[in-house]
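Please find one structure pasted underneath; my questions will follow.
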Amino acid sequence: MIRLLATVFLLLAALPARAETIAIVNARLLTMGPQGEIERGTVVVRDGRIAAVGANVAIPTGARVIDGNGGILTPGFIQADSTLGTVEVSQVPASADRATHHDSISAAFDISLGLNPDSILLPVARLAGITRAVVTPLYDDRGNRRLLFAGQAAVIDLGQRPDMVTRPRVAMVLEMGESGAERGGGARGAEIAALRALIDDVRHFARNLALYDRGAGRPQTLSRTDLEALIPVVEGRMPLIVRVDRAADIREAIAFARAERLRIILDGAAEGWRVADEISRAGIPVILDPMSNLPHSFAELGATMENAARLHTAGVTIILKTGSGVAHRARELRYGAGNAVAYGLPYEAALAAITINPARTFGVAERIGSIEPGKDADLVLWTGDPFEPLSQPRAILVRGVEQPLSARPLDLRDRYRSMN
Amino acid sequence: MRRAAALLFLGALVGCAAGERPVAAPSAPAPLRAGLDASPDPYPSTYRPGPSQRLAIVGATVLTGTGAEIANGTVLLADGRIEAVGAGLPVPDGYQRIDGAGRWVTPGVIDAHSHVGIWSQPDSVEAHNDVNELTEPNTAEVWAEHSVWPQDPGFDTAREAGITTLQILPGSGNLFGGRTVTLRNVPAMSVQEMKFPGAPYGLKVACGENPKRVYGGRGRSPASGMGNVAGYRRAWIDAADYRRRWDSWRASGTGDPPRRDLELETLAGVLGGEILVQNHCYRADEMAIMIDVAREFGFRIRTFHHANEAYKIAPLLAREDICVATWTNWWGYKMEVFDAIEENAALVHEAGGCAIIHSDDPTVIQHLNQEAAAALSAGRRAGLDIDEAEAIRWITANPARALGISETTGTLEPGKRADVVLWSANPFSIYARAERVWIDGASVFDRRDPGYRRHSDFLVGQPGQELRP
Amino acid sequence: MIARLLALLALAAAPAAAETVAVTNARLVTMGPDGTIERGTIVLRDGRIAAVGANVAAPADARVIDAGGRIVTPGLIAANTGLGLIAVRSVEAANDRAADMTGISAAFDAGDGLNPDSLLIPVARLGGITRAITTPAYDDSPGREMLFAGQAAAVALGGPMLVRRGVAMVLEMGDAGAERAGGARAAELVALRANLAEVRDYARRRAAYDRGETRDYSLSRADLEALVPVVEGRMPLLVSASRASDIRAILTLAREERLRIVLEGAAEGWRVADELVRANVPVLLTPVDNIPISFETLGATLDNARRLQAAGVLVAFQGNGNHRERELRYNAGNAVAVGLPWEQGLAAITINPARIFGLADRVGSLETGKDADLVIWDGDPLDTLGRPTAIFIRGEPQPMTSRQTLLRDRYMPSGGNQP
Amino acid sequence: MKRIACAFLFVFASTAQAQAQTAAPDPADPFPSTYQRPQSAPLAITGARILTGTGAEIANGTLLVRDGLVEAVGEGLAVPHGYQVIDARGRWVTPGIIDAHSHLGANSAPSTPLSSEANEGVAPNTAEVWVEHSVWPQDPQFRLARAGGVTTLLILPGSANLFGGRSVTLRNVPATTVQEMKFPRAPYGLKVACGENPKRTYGSRGRSPATRMGNVAGFRRGWIEAADYARRVERARTNGGEPPRRDLQLETLAGALNGEILIHNHCYRADEMAVMLDMAREFGFRIRAFHHGTEAYKLAPQLAREGVCVATWASSWGSKMEALDAVEENAPIIHQAGGCAIIHSDDATLGQRLNQEAGIALTAGRNAGINISDGEAIRWITSNPARALGIEHRVGTLEPGRMADVVLWSANPFSVYALAERVWIDGAPVWDRADPAYQRPSDFLLGQPGQEAAR
C-alpha cells in the first residue's frame, strides 16, 4: 500500500508539467474581471492561458473536461507579504533565505535570487488555493547592523516550476514605525532624517554617475550596489512597501512619500482605519492582516477586526495577508478573507483583496488576478465557498497545469493511518 | 460564598499560628507555624458568578458537547446552571426568551493552552513578558497565577470569541515551568476573582527543543534530549523522597518536620495525583518516553500539548487516556513541528482519544471554532466521518476533561454551569461570530451592546478605542 | 456612561468647526499690552483672538461663555519636554525622543515622529498647557558620543500638532556634555569649535562637498546641513549648563562664534545674572530645583528665578518632565511663593517662552490677532487649589478628560464600574 | 476579627518581653537611638487656623506646648504666664509633616557614583541590610526637607530586591550620627518590592526572579525559611537546647512574621496587591502599607477592610508600565472608602512640598465630587503616615500628650504659596524662615560656592 502510494507520488512529481487543453464546465465563475460573476459557465484553458470564459462557451475537441459539479471557480489566490520559497524551517538558519545580515547590502538584496522551487511549503499553501505570492525580504538585525532597507520583493508562482519567478524586483521594502525607528537610531525622527539624507544621496548619485565612476562625488553612506538599487525607487518607478501601523506613523509615511515624490504601499496599517480618508486621497494601497486586532505594541492600540471593511469603505485598495508573513501559515489566507467578510467587508471586495488587487498593485495584472481570456490559467475549483474551512479545493491549475492535490503533510497522514 | 467564608476562616487559623490541620490525631505531630506546611489553597478563588436571570434560548441548533445535535432546541438556564436542554421544550413562566432561530448554541469554549495575562498586550513590551521564569531548568515553584495581569486586553478579545474558561500555563523554556491556573474569563481586578473554583492545579512540563536550547545555549544542562530526561528523573526522585519524608514525619509525630520546599511540593502534588501534568511535547517518540517516565515514578500525564505527532501514536494515547491538545494550521517553524498535519485532531478522535484544539496564541484563541473547523474539514477530506456535534467537543468537553473540570462545565447538561455561547451561524463556519456569551448564566458579552466591550483598563482613553472591536 | 465616553472620544477625534466664542465677565490676565483687565470680554473667531477688552461686545453669532469673574489666561507653554514623542518612558519602542544612530545628531528633528494621540497630551493639557517646545534627548549608547541632541519643535496640544520646526538646536554642556566629549569640559569646547568651523566651511562650499572636494568632516552631511542656521545665528542654541563658570564659558563661546543662545538649567544662573543680562541671554529653568544634586549645582536655590528676573533676565520655566509636565504651573507658583511677582510667574510660562522660541507673534498672550489659546480657571492658575474649567486651542474647545479621568470615573464608587 | 486579635496578642507578648530585658546593651537594639529631646521653653501659638491631624479644623486656635509635648489645643484658649507667644493670625498650623517614603541620606546629594546607597542590588533577598547603615546625616537634603515642614521620615532601602532590607524612622534634626536622628522606640520596617523592578534587575542577569511569578516564588521561599527559623528559635527558648545559628537575614524576616517589624511593600498594581494580601494570610503576617500603590483606587474598599495604608503620589505616573494607570484622585478615593491614605515623596524635590502634593490630590478629589475637608486631608501627610510607621500614638496629631512636632504655615498649607515659616520638633525650633541661623547648610556645603544665599 505504502509502496503503491509512494510510486504514484513519485510518478506524479516526476511528470513534466504539461500544459494540456482543459475545459472546466458547470461551475459558478467568480471571474474578478469584467465578466463579473457567471452563475454557470465554462473556462477553456489552452497552452497555459485562459482561452475562453463564459456561460455559452464551446468545449474544444480533445479538451480534457473537468466537471465543476456546480462548485465555485476562482482565480488562484495571491499571498502578499510572504516568505514562501525562501524558508523551510523558520528556526533553522540554514533553511532560511529571507534576510541578509551583510553589512553593505540592504536595498540591493533581491529575494528573487535563490528561491527554492522544491520547498515543501508550496504545495501546502497551494492546497489553500494560493497560486502566486509576493515574496518580501525580512530584516536580520544581528550585531550592529542597522541598515534601513530590507531589500526587493518578487512575485512568484507556486507551480513548482524551476523558473518560479513571475516578476522580480516589484517593490522595495522599508520598515518605519517602532522597529524602523529602532533601526534608524532609536527614534522615529532619526529614521526620517536618515531616510531623507539617503534619498538625497541616491538622487545625487543618479545625477552624477560619471563623477562617481571617476572615484569622485559626494561621500556616501550606502554601498554603490544599494544606491543603484534605490534609483528606481527615487524615480518613482518602483513602489516602496512601507511597514507601519500607528496612525501618526501612517501620516508621516504619506507626508514623507509626498515630499520625496515616492510611490508607496502601506503594509500592516493596524490603525489605518483611523486615517482612511487620508490614505484614500493619497491613492495608496494597503496590505493588512484582517485577523490583527490585538494591541501588540503601542503602535497598534487601535487594531480592530473592522480595519479592512473601514478602509474599503473609504475607497482604499486593500490587499489581505495572514499570519503576518509567516510562510507556514500562508494557508490561512482564505480564512482571513472570510473573517474580514464576517466583520463587514463585502464578499467581492474580500476576494479582490486576495486576487486582482495584489496583481494590480504589484504590476502583474496583465497576467494574473482574474479569470480573463489571455491571462495565465491560475484557477481553483472549490467544493463550496472558498472562505469556509469546510470547503476544499477540487482542482488547482497554475499556468494551465493541474496541480496534484497532495502535500507532505497529507503523505504523512496517510502513512500513519495505514500503520495504526 | 460559603466556600469563601470557610477559606477565610482557615486563613484566620493560619494567622494565629494554629496550623491548618485542625484535628490532631494522637500520633500526629504538633501543628506547625503558618507557612511551614503546605496549605491546600493559599491563594483562594474569590470568583463570584455575575448576576443571572432565568433564560430560555429557543429555536436554535444546539451542539451539547456530549455528541448530540438538537435541531430547534431549547436551552433553559436558571440560577447560573443549565436547567434543561431539548427539542421544543416548553418555556416556563418568568424566563426571558431569546430567539435562537437560525442560530447555534454551544457550551462555552475552553482553551486548554493560553498565556493571556502572563504575556499581555502590548506583548512587544518587555515588562509584559511574565511567561517564562527562565532562570533554572526546574522552576516548579512558580505559579502562573502570580504573573497574571487581569487587565490584559487579550481576555476581552477572547471572551468576545466565546472563550469562557482558559488554562494559563507558564512557558516552555524550562523542563518544569511551574503551576498552571484555570480561569473563568470574567472581567476582574484580581486574578483570584478569575480563578475557577475547585479546579485542580496543573504542572507545566516541557520536552524537546525549547529547554535544551535555552540552557544548552548557556552551557548548562539540559543541552540535549537525553539531558532533558535526566533532568526530569532527577527531579522526580527528589520529589518522591520529599513525599516520603513528610509521610514518615506525619506518621511518627516526632522530630523535626522536613524543610518545606515549594518546588518539591508541586512535584509531590503530581505524585499524589492532586496536580495534573500538562506536558508540552511535539514528537511521537518523545511522548512515548514521557509515558515511560510517568510509569517509572507512578504518576499520570493528563495532556500532551501541541503534540503535533500524536497522530503517529494515536492508539497508544487513547489507551493511556492522555488528551492531546493541538492546532490545525501551525507547523514547520522548527524541526519538532515539521511533521504536523491538519488531520491530527481528527485522527486522535478517530482512534477513540481525547482530542483538543488549543491556541497558545492571543489571536488563534479568538478563532478556536474556526481552527476546529479546519481540523474537521481536513478530517473529512481524509474520509473520516465526524459530525459537528462530535467535533465541538474538541473545544468544549474535551478541554474540560484535560483541565479536570468536566464535572461542572464543558457540556450543556442539566446541573452544569451555564457557560453558553450563542453563535450567529454554524460555529464551524468562517462567518459565525459569538453573538452572546454567558458564564454561569451571567451575560458577559452581547455583540450589539457596546457596554460589554473594552473592559481592560489598559485601553481606557487610548487612541482608537472609540470603535473597538 | 460608556456612551458618554464614546461621545467625548469622538469629540477628541473629530476636529470641531471653529465656532465664534465670546468669553464674557472674565478677569483677563492678557500678558500683553492690555495688562490685566479686571472685567472684560474676549472674542474668539476663526481660531484667532478677534477682540479683547473691557468694553468689547459679544458678537451676535457667538456662543457666549460667562466666566463669572473667573481668571482667563493665555494657554501655558511647556518648554523643553518630550510631549508627543514619549508614551511610557521605560518602554523603548514607546520613546521617540532620542536616537542612538551615529550619523544623525544635529539633524534629528523632534518635529518628525510626533504622536498627537499620545495619552500624555490630554494629561498635560488639563494642566492648562496648550503649546510645547518639544526637544530631543540624548541616547548615550555605548560608543555614541554625539554633541548635539537635535532640533526642537514647537507643537500644539490640540489640532494639527506640528507648529514650527527648528525653533532651537539642543546642546548639553557641563558635566553631561563633557562626558560626551571625552570626559573633560575643555575637550567639549574644542570639539564644538571644530564642529562649528566645519559647518561654516561646508556652508560656503556645498558644491565642492558634492564633488568630494572638501576635507573630511567629522559630522555627517545631514548634521552639517542642520547646523548651518545655527552658525548663521538664525536658530538659537538651547544650551544646558548649571555651574556659574560653565555659563560664563558659554557666554564667551557665543560671543566669539556669534551664536544666539538660550540657557537651560542654570542652577547657578543667579550668580552670573548681570552677565546674562548684558549678553541678552534668556534662561529656561526649573524653579523648584534647589538640591545640590551634583557638583555643578551646589549653588542651587529656590531664589534663582526671582534673582534672575530682578536682574532683568528674560526667564521661562519648564515643568517636571513629560508625564509630570502638568506641574508646570505649580513650579511657577512655587517661584511666586518665594518672592517672584505673580505676573512674572505667569509670564515665565506664557509670553516669555513664546518670545524665547520665536512664537510670540502667534501665542503667549491674549492679544487681538493671535491664536486663540486660552484657559479659564476656577481659581489661581498657579495654585494647587485652582483648576482649568475650559481650555481653547486655536479657538477650539478642548475635551476636559484624559485617560486618567476616565479611569477615575470607572472606579469611583459612583461611577459605572463594570459593564 | 479573631485573626486581628491574635496578631495583637503576638505584638503585646513580644513588647512585654522586650521591656523585661532592661538596660544594658539590648541585643534586639544593637544601634540604639541617641536622639535627645532638646530643651525648650513653653510656647503658645495663638490666632491660627489649626488642622490638628485628627480631622478637626480650629479657627482662631491656640496651641500650647510644654516640655516638648502638646499641652492643649483649642479655640481661644487662655495663654498661661511664662509662655513665649507667637501671634499666628492669618496663618495655619499643622502637625509636623511625616514622609512615609524617603531615601534621604541613603541616596544623598550630590549624586555621585558612590552616593547611591539605597539598593544592595546583589541578591533578590537582602533582608539582612539596614538602611540606617547607609544614611549620611550630612546629606544637604535633610535641611531642605525641614524647610518644607518635614519633621519625621521613613528612610527605606530601594526596590531592586524582593526583600530590600530594614527601614529606619528618623527625626529630621541636624545631627552628626544617624543614631542621633533615630526616632526612639519606633518599630523597624522591612522593605518588600513587587513588580517590575526586581524582575528586571535579576531577570536581565539571567537570575531569578525574571517574572512576577518568580517574584512570588522568591517571596514565599523567604517566608518559609523565616518561619522555620522562628520555629527553631522559639523551640530553643521553650524547650531549651541549642538555638539555631544566628542569621541576620532570617532574623529580620522572622521579626516581620512576628509583627515586630512592619512591612512596607512597594507595589503598584491592584492585582499584585491582592496576591500580596493572600500571601500575608498564608504566612500569618500583616502588610502595614503599600507604597506607591498607583492602582489602590481599584481596590480601595478591600484595602480599607484589611487596614492596610496606601502611600502614594498625586502627580507621578507613567514612567513604566505598572505606573500607567495612576490617577490624581488615588488618595481621595482611598480616603472616601475609609482607608488610610498617605501622600509620600520617594523624591527629594517632592519631599520639600508634600503639602502641595496633598493639595493637588485634594483639589482633584473635590473636582471629581469627593468632598474632603482640609482638616481630613492633612491626615495624609501627618497622622496617617504616623500610623503606617507605627508611631501614631506619639506623633502625627496635635493632641495633648503628643510630641510637639509643629509647622506654622504662611497660608493654607494646601496652597502652592504656603511656606513653612517655622517648624518645631519636640517643641524645639528647628526652622525659622526669617532667621538665617536656621539656614545653616550641612557640613558638606560649608564654604561651597553660592551658599551665602542658597536655600
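Per-chain numbering from 1; labels A, B, C and D assigned in written order.
In this section, contacts are C-beta pairs under 8 Å (C-beta built on N, C-alpha and C of every residue); 3 or more make two chains touch, one makes a residue touch a chain.
Only a predicted model underlies this, so the values are computations on that prediction, with no experimental measurement involved.
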item: Chain whose mean Cα position lies farthest from chain B; value: C
item: Pair exhibiting more inter-chain C-beta contacts, B-C or A-C; value: A-C
item: Approximate Å spacing (C-alpha centroids) for the pair chain B, chain C; value: 52
item: Chain centre separation (chain A, chain C; CA means) in Å; value: 46
item: Chain centre separation in whole Å, for chain B relative to chain A (CA means); value: 37
item: CA centroid of chain A to CA centroid of chain D, Å; value: 62
item: Contacts with two or more other chains, residues of chain A listed in rising order; value: 178, 247, 274, 297-298
item: Overlap residues in chain C, where contacts from two or more other chains coincide; value: 13, 87-88, 90-91, 93-94, 117, 404, 407
item: Residues of chain D whose C-beta touches two or more other chains; value: 196, 298, 320-321, 324-325
item: Pairwise chain contacts under the document criterion; value: A-B, A-C, B-C, B-D, C-D
item: Of all residues in chain B, those that touch chain D in their complex; value: 11-12, 14-17, 32-36, 39, 42-44, 118, 125-136, 139, 141-151, 170, 178, 189-192, 218, 259-262, 457-458
item: Chain C partner contacts - residues on chain A that touch it in the complex; value: 146, 178-179, 181-182, 184-194, 196-197, 201, 204, 208, 211, 216-219, 221, 246-249, 252, 274, 297-299
item: Contacting residues of chain A [partner chain B, same complex]; value: 88-92, 121, 124, 178, 247, 271, 273-274, 291-298, 300-306, 326-329, 331-332, 335, 338-339, 341-342, 387-392, 409-410, 412-414, 416-417, 419-420
item: For the chain D and chain C complex, residues of the former touching the latter; value: 109-112, 140-141, 144, 196, 297-298, 300, 315-321, 324-329, 333, 336-337, 348-349, 352-353, 356, 359-360, 362-364, 367-370, 412, 414-419, 444-445, 448-451, 453-455
item: Interfacial residue positions of chain C with respect to chain D in the complex; value: 87-91, 120, 123, 244, 268, 270-271, 288-295, 297-303, 320, 322-324, 326-327, 330, 333-334, 336-338, 382-387, 404-405, 407-409, 411-414
